[in-house]
C-alpha cells in the first residue's frame, strides 16, 4: 500500500551555470523535474511511500529520468514506456534583480502527452494507494493527458482515495478560459486544493477583499474541504518571504513568513504540497501542523538546486522548531 | 555575391563531458551543428564567402544558434524566424573501443521541418550566389523540407548556380527506399556528389567489384560530373585512416590515407565537402587539388571538438604540405 | 549605412570562477570586452546597425576576439589585422562585501596601442555612419591611439556625424592632469557626453553644490548639447541602486533608481551609453526616453556575466514598463 | 523472489578529472563503487532482480550512496544503517603509459567493517533469493566482515541458494597467507568461482603449465563446478585485449579476445561476473553463452566512467553479435 | 627565528560546487584547512614568519596537504610523516537562508590523533619561535593530541614563548564538561585567549550581564592578559555584521562592526586570530590596533573561498583605512 | 647549501580543456611553467634541495607564480620583485593526430626580460650552491637576460659550481644564427649539455653520419664533459617512444626506449634534465644511472598534466625497475 501516487510529466531541465544567460551557454547543468514528481519526491523524502506514474521514451534519456526517480526511492514500476515519442525538456536561466530569468519549454508531443487513459488500469492502481495528487499542468498538456486527469480523479474517488490538486496555471500551456472550463468540473471532487489568490481571481473569478474572503468563497462554491493558498513577498529576484494560508472547515490557518535567499526559484509550491501531504497523511489531518511542514519544506526548497526538495524530515522539523539556517552544527 | 549558399537544419548538440554516457550525465556541453551548416562554416573558414539559409525559433535558443553561425562569419540574413516551432536537438555520447557511442535525435517538428518553400525568394537568392550545397538530410526531414530541397535545386540550376549534394543517408530519418525515390530524380541535376560506396550500393543499388567500378556506374547512370566517395579504415573507435576517391570525367583520383586520432566523431564528411568546395571554387575546378584540401580538412576535423571544422587555411595547407601534427611550432 | 561606429581596444578578460581570488585560480573563465565594444554590442542587440574598429593580432586569440564581435552581429570588416603585436588582456576577480575585487590590466603594447591613424580612411568610414562613439580609455592607451581619437573625432564632425564621448577615467592608464590636457580640447566637439560628477570634479575641476549645478557648468563651459551623468548608490559589493541624470538644452532629466543585485560589476556604464544611443538614434533624440532605455539597459547589464549587455529590446522595454525581474513567465 | 543478492562494502570514489594526479587535484569527481555492488548493478542492468546488503552511516554521504544504488534499480531495503561509523572512501587517479595511476584506500573502520553477522537474518534473506555473490574483499575488511562472509555462505548453502565467489585479492587489505587461510575452507561451498591464474598460483599455490592445467587443478582440489579465470593482454595503460576462460565439468571454454580502449580501469572483473551471472541465471546455466555475456559486459565496462557497468542488455548482445563500437547508429 | 608556530590537524575539505547539497554532489571542490593552520597562513600572509607542526600520512594526499602549506610560505620542516595513519577529511555544503548548510567530519584516527608528544623535541622547537598558537580542537582530537597540547604549552612557557589559545569548542568532538576539565588547567598559562561569550558561559560557566562583565570575570578567574571575544550579528545565512571585543589590563576595546556578504562561512575566527597575532607581534602589543587588524582580516576572510585568508597586508590595511570593498580600483 | 639553482622565466600557461582549440575556448586551465623552473621542480621532487631565481611582478599573478614554486618546495627567497613589468604568458592547445596543437607566447617585456645582471649578487649566490642550470631560452629573452646568463655562468665557474645548459632552441625567440653567436662562447664552460641532434646540426653545424658521431664532434669542438642528446620516435600526436643518449669521456650510453601515451606534450626535455641532474648529483656522477633516471623522469612527465614533473622518486625508481604503469597497486 503506497501513501501517495502522483501522475504527470517529467522533463529534463537544462540550465546554464550560475547567472549565465541561455543565449550564452557553453554547457547546461542537467536536472529532472515536473510538478507532480516534485511533490512525490518531496513527500517521499520526508517519509511517505510514494509512486509516480508517467510515460517515458525507451532510450538513454528516458532511462536517466527513470533513474533519477528511483534514486529518490519513488516507485517507478507504473511507468509506461514508449518506443515512439520524445521526452519533454525545458531550458531555464537564473537571474538577479532586475532580471527575473527566462524559461523555455520544449515539451510538445512528449511521451506523456500521448498517454492513453484507456490503457491505464486505474482501478487496480487506486486499490493500492491512500492518496492521489495531480495538477493543472498535466491537464493542460494535451487532450489525452487532460482526459487521463479527469478519469484518474474519478477512479480515485470511486476507490475512496483522497485527492489533492494544484491549479498550477501555466500561461504558456493554455488560456485562463481553457483552464477554467477544464478544471471547474474537477474541483468539487478535490479534497485538498493548492492554489493562489491570483489563480482564484483570474481563472475562477473568485472575488474578495482579502485572502480570507477568497478562501471562503472557494469553499462555498466548490465545497473543497482543504484550501491552501500560497503566496510570497518578493523583495528582489534573490530574496523573498514565503508564506501561505489554509482554510479548512471554517478555520483560517496561517503561520509566520520565512525569509528566503533563493538559490533556485523552481519548485517551491511543489515542495509546499509535499510537506503538506506528508504531515496531513502522517498527522491525522492536523491542518495547522500540515501548514507548518508545508511552509518549512517550501522555504528549504528554494535553498536547493534542482526542481524538487532534497530536505530530510530532520531538517524540516529543525526549521519548524526554529533551528533553521543561521548556524551550522560543528 | 556569395561563393556558397547552403540550406538545412541547425540543431543544438548536447553531449556529456569526456566518455560519460548520456544516461549518467550531470551536465551537457553545448555545440551547434547541422550537416549543411558544417559545410558552410568549414568552407567559410578557409576563405569562401558563405551564407546559410535555415529556419529558427525566435527565442534565446534560436538566437544562440544564429550567434554561433555569425561567430564564424557566415551570413545569417536569410534566416527565416519562426514564432511557433521548436529547435531541433540531438544528444550524443562519445565511446571508446568496443563502445561506439550513442546518438539520440530530437528534431521532430523543428522549425525547419515546417519551412514553406513557396515563401522563399529562390530566384533572388540564387542571383547572388555561385554555388549551392544541400544534402539528403534536409530532404528527409519532412515533406515541406523535401519540397524545398527539390525547388531549391531547380531554382539554382535555372540561375546557373552549380549544385553539390551529399547523400548523407540517415536510417533514423527515412528508409532506403524512401531515400531512393526522393533523391533519384535530383541526382541528374547535381554537379558534385558526395557519398560513399555503402550508400551507392544500399540506396541506389549500384553494383561493382571495386570502388572505381561504383563511381563509373554512378557517372553513367546519373551523369554527375564530379563524384566523391568517402571512406575510412576504422582501426578502433578512437583511431582510423581517412581516405576518399573522386571520379570525374573519366579520371579516378585518390590520395594517401591520413591517420587520425579521433577527438570528435561527428562532421568529418561535412568537413570533406567544405575542403573540396573551397578548393574547387578557388582553384578552377582542379579535382586532384580539391581532393587534397578535402582530405586534409576532413582529417583535421576529427581532431576538433564540435560538429564543424575550426581549421584555418594555413593549417589545412600545412597538412597538405606534410607539416601536420607531429610537432608544435615553438 | 551603419547607425553606429565605435573605436577602441578589445581585451580578453580572464576571471576565476565564482568568488575565487586571482591568486588561487586553477582556471579562468574567458570573456572579451572593451568599453567601446561593449557600447557597440549593447546598442547592436537593441537594434542599431553597428560596426567596430579595432586592431587585432593575426592569431588564434585575435580570431577568437573577432568571432565574439561577429557573434553579436557587429560588423568587423574594418578590423586592422597586425602580424606583430599582442592582444591586451585583463584579469578580474569578483568580491563580496567588504572586498571589492581586484583587476589587473595587461594591455601594454597591445596591437591597438600601435594603431597608425594615418592609415585609417576616416573620411570613407564616416561617410557610411550616422553616429560615432569613443572614450577616454582609447585616448589614454598610447600617443598613437590618442592621436587616432583626436583625428577620428575631427573627421566625424567634418562628415556631419554626431559624436558621443565617455570620459571613462582610468587611474591605471593616466593621471587626472594628463586626462584633462588631452580631453579638454575634444569636449567642445562632442554631442553627447557620458561621465560622472566625480570625473567632472576631479578631472575638469567643475564646481557645484549639486549634480544639477555640475551639469549646468559643463554645458556652459564646453557647450555640449547632451550631458549624461551616471551614478549609483552602493549598498554593498553585491547590491546597489543605479541611477543617472541627463542635462540637455536647459532641462534636467532624471528617473527612479533601479535596485540591482550585481552578478558582474563590469560594463554598467557602457550599457548605459548603449541604451541611450539606441533610443536617441531611434526615438528622434527624445532625452527622457533615452534616459529610460539607458537606465534599464545598465541595470540589466549588472545581472549578466561578461562585460557587455546580453539584453534584448524586449527585455529592456519590459523593464521600462515595470515588468522586470520579479517573476519569470511560465 | 530476487535473482541475486550480493553483500559487501560501498565506498565513495574520488578522482581528479582527466589525467590529473591526486597530488595536484583541485576537484574530485564523485562515484560510488564496491566490487559486490558493481556485480549487482551490472547484472541488474541486464535484467536480474538484484538486492544489495551493506552497512552505511546515517548521514548525507550514506544517503548519497543509498541513492546511487537505488538509481540503478537495486533493492536497498536490506541496508543496515549505522549511527556511528564512517563511510569507506577511495581516491584514484588515471594514468597513461608508462604511469599506471595511483589508488589510495581510506576504508578502515568503515560501517561495513563493524557489521554484526549475528544480527542479520540470513535465513529469512536467503529464503527470497536465487543466487548469492560475495568476494574476498569483504572477507578481508575486518574479522567481523570475514565472519559475516563465512556465515552468509553457510546460510545460503543451507537454503539451497547457489553461491558465486570472486577471490579479488587485495594486497593492501591482507597477505596472501591470510587470504589462503580464510578462503580455502570456503571454496568447496562455492558454485561459481571468479579468479585469475595469478591468484591461483600466488594464493592457493596451484601449479600448472597452462591456464587450462590451473583450472583442472582447482576443480580437483576444491570441487568447484564452474571456474572462471579472467585475464587480459595489456598493450599499454590505455589499451588491452580482454579475455577469460571458464572450466566446467571437464570442459574448457574460451572466446576471442576483445580489444579495449580503456576509459576507466576499475571494475572490469566485476562486470565480467555480472555478465556471467546474468546469462548463467537466465540461460539455464549455458557456460559458453555465459562466458560471451561476461566478456562483452567486461569489455564494455572499460569504456564507461565509474566502477560499474552502465551497459544495457541490448548493448551487450549487440557486441556479442559483432556490432560493437566501430560505428554509431544515426 | 620564527615569529609564530602553530600545531594541529590539517584536513582535506570536500565541498560540492555552489549551493549543491552533499547528498547530490557529482564533484567536490578540494581545499585544505584546519584551525591552527588557518591562523598560521593568515598571519604568514600578512608578514609573520610562521611554521606549522602537524602529522601527515606519507602518500599523495599527505603530499598535497604539505604542498598547500608550503604554497603559502609556511615552514613545513617540522611535519611528522606517518606511514600508517589516514588523513582527516571533512565534507561541507553551503546554504542560503533558511538552510545553514551541513558539515560532516571524517577525522577519526587521523595521523595527528596518533601524535606521540614524547617524540617531539619541544624544547628545541620553542628555542626558535617567538609565539605559539594552539586551540581546543587539537586538544579534543584524541588523548594523545590532548597530551601534546598540554606538553607543548608547558614547554612554550618554559622557553619564554608567549601562547595564544582559541577555545574553538566543537560539539561533535567532545562534551562541554570534557572541554572544561581539559582546558581549565591550561588557561592560566595562556597569554592571549580567543573565545566567545557563548563558550565562556556554556563551558566555563562565566556569568555576567554583559560581554564586558564576562571578560572581566575571565580575567579575574584565569589571569589571562588578553581576552578577545568574537561575535557576529547574523542577518541571514549569507549576510552578517562581524565584530569582536578585547579586554586587556582593565581596558575594554571595541571597534565598529563590519558588514559581510558571506562567500564561505568557514575560518572567520581563525582569520581574526591571524590578524590579531600579526599586529600584536608587529605593533608592540598595541591592543586597539591588533583588534582592528583582527576584525579586518576576519571580515575579509568571509569573502574568500576556502578555510584560510588569502588577504594581503595591503588589503587588510586598506579596509582598516576605510577603502574596503565598494569600488574596484581600475 | 642548495644542490641546485636554476634561473629563468616563469610564465602562466593558459590552455583550453581537453582538445578544444584556443579559438573556441570558454575557459582556460591555469598552470605555471618555464624550462628552468621545470628542471628545478622535477629535480626537487626527486630529492635535490633546489632554488629558483626569477623576476616577478608584485601583484596577484606574481604571487600565484611564487606560490606554485613554493608549493613544490623550491626556495623562492632569491626572487626579484618588480613593481613595473608584466608576467609572461603562454597559450597552448593540445591536438590529436594529425593536428599537433598550437602555442602562442605572450612573453615580451616580461619582468624577467628586464633583469639587471648587475644587481644580482652572483658571488654570494653561488657560494651556497652545488650546481647551476640555465638554458638558451633565458639567453634569448632579451639582451639583459642574455647578459645575465653569460655573467651567471662565469660567476658559477669562478665559484667552482658545475654548470648544465640546455640549448632549448625556440624559433619564435631568435634565429639559429643569433643562437649560435650567443651560445657558442658559453659552451666550453658547460659541464653538462642537454640538446638534440637537430639543434646540433642546425645551430652549431655539427656534421656526422650518426648520433654518436655528432656527440663525438661536439665533445671535440667544445670540450664538454657530458653531452646528452634527447630524441623521440613520434608514432602520432598522442603516442611516441622516448629515448636519449649520453656521451661522456669517450663512452656512449644508451638505454631502451620507453613507450609513452602523451597526456601533456610540454616539459619532457626539462624532466629529462631534472632526472639526470638528480642522479648525477646523488649518484657520484654515474652516467648510465643518470641516463636511466633521466629517461624515466621524462617518460613519466608526458603522463602528467602541466609543464613540470609531479613524479616521486619512488615512481621514477619503480619505472626503472620495470614496474611502471601497466598495473595499479591495489
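Labels A, B, C, D, E and F are assigned to the chains in the order they are written; within every chain, residues are numbered from 1.
By definition in this document, a residue touches a chain if its C-beta (ideal position, glycine included) is under 8 Å from a C-beta of that chain, and two chains touch if they have at least 3 such contacts.
It should be emphasised that the depicted structure is a prediction, and the values quoted were computed from it without experimental measurement.
K.L.:
From chain E, which chain is the farthest off, judged by mean CA positions?
P.N.:
The most remote chain is B.
K.L.:
Tell me, please, which chain's centre (mean of its C-alpha atoms) is farthest from the centre of chain C?
P.N.:
When every chain centre is compared against chain C, the largest gap points to D.
K.L.:
Could you please state the distance in Å, as a whole number, between where the Cα atoms of chain A are centred and where those of chain F are centred?
P.N.:
The mean C-alpha positions of chain A and chain F differ by 62 Å.
K.L.:
Please compute the C-alpha centroid of chain C, do the same for chain E, then give the distance between them in whole Å.
P.N.:
Centres of chain C and chain E (C-alpha means) sit 45 Å apart.
K.L.:
Which whole number of Å gives the spacing of the CA centres of chain A and chain D?
P.N.:
41
K.L.:
Multi-chain contacts in chain D: which residues touch at least two other chains?
P.N.:
18, 21, 23-24, 26, 63, 67, 102, in rising order.
K.L.:
Contact residues on chain E for chain C in the complex?
P.N.:
Of all residues in chain E, those touching chain C are 18, 258-264, 299-300, 302-306, 310-311, 315, 319, 324-330.
K.L.:
Show which residues of chain B lie in contact with chain C when the two form their complex.
P.N.:
63, 67-68, 70-73, 312
K.L.:
If we count contacts the way the header does, which residues on chain F are in touch with chain B in the complex?
P.N.:
18-21, 23-24, 92, 95-103, 170-172, 234, 236-238, 265
K.L.:
For chain B, which residues count as touching chain A in their complex?
P.N.:
Of all residues in chain B, those touching chain A are 14, 21-30, 59-61, 63-64, 67, 86-87, 89, 91, 93, 102, 104, 106, 108-109.
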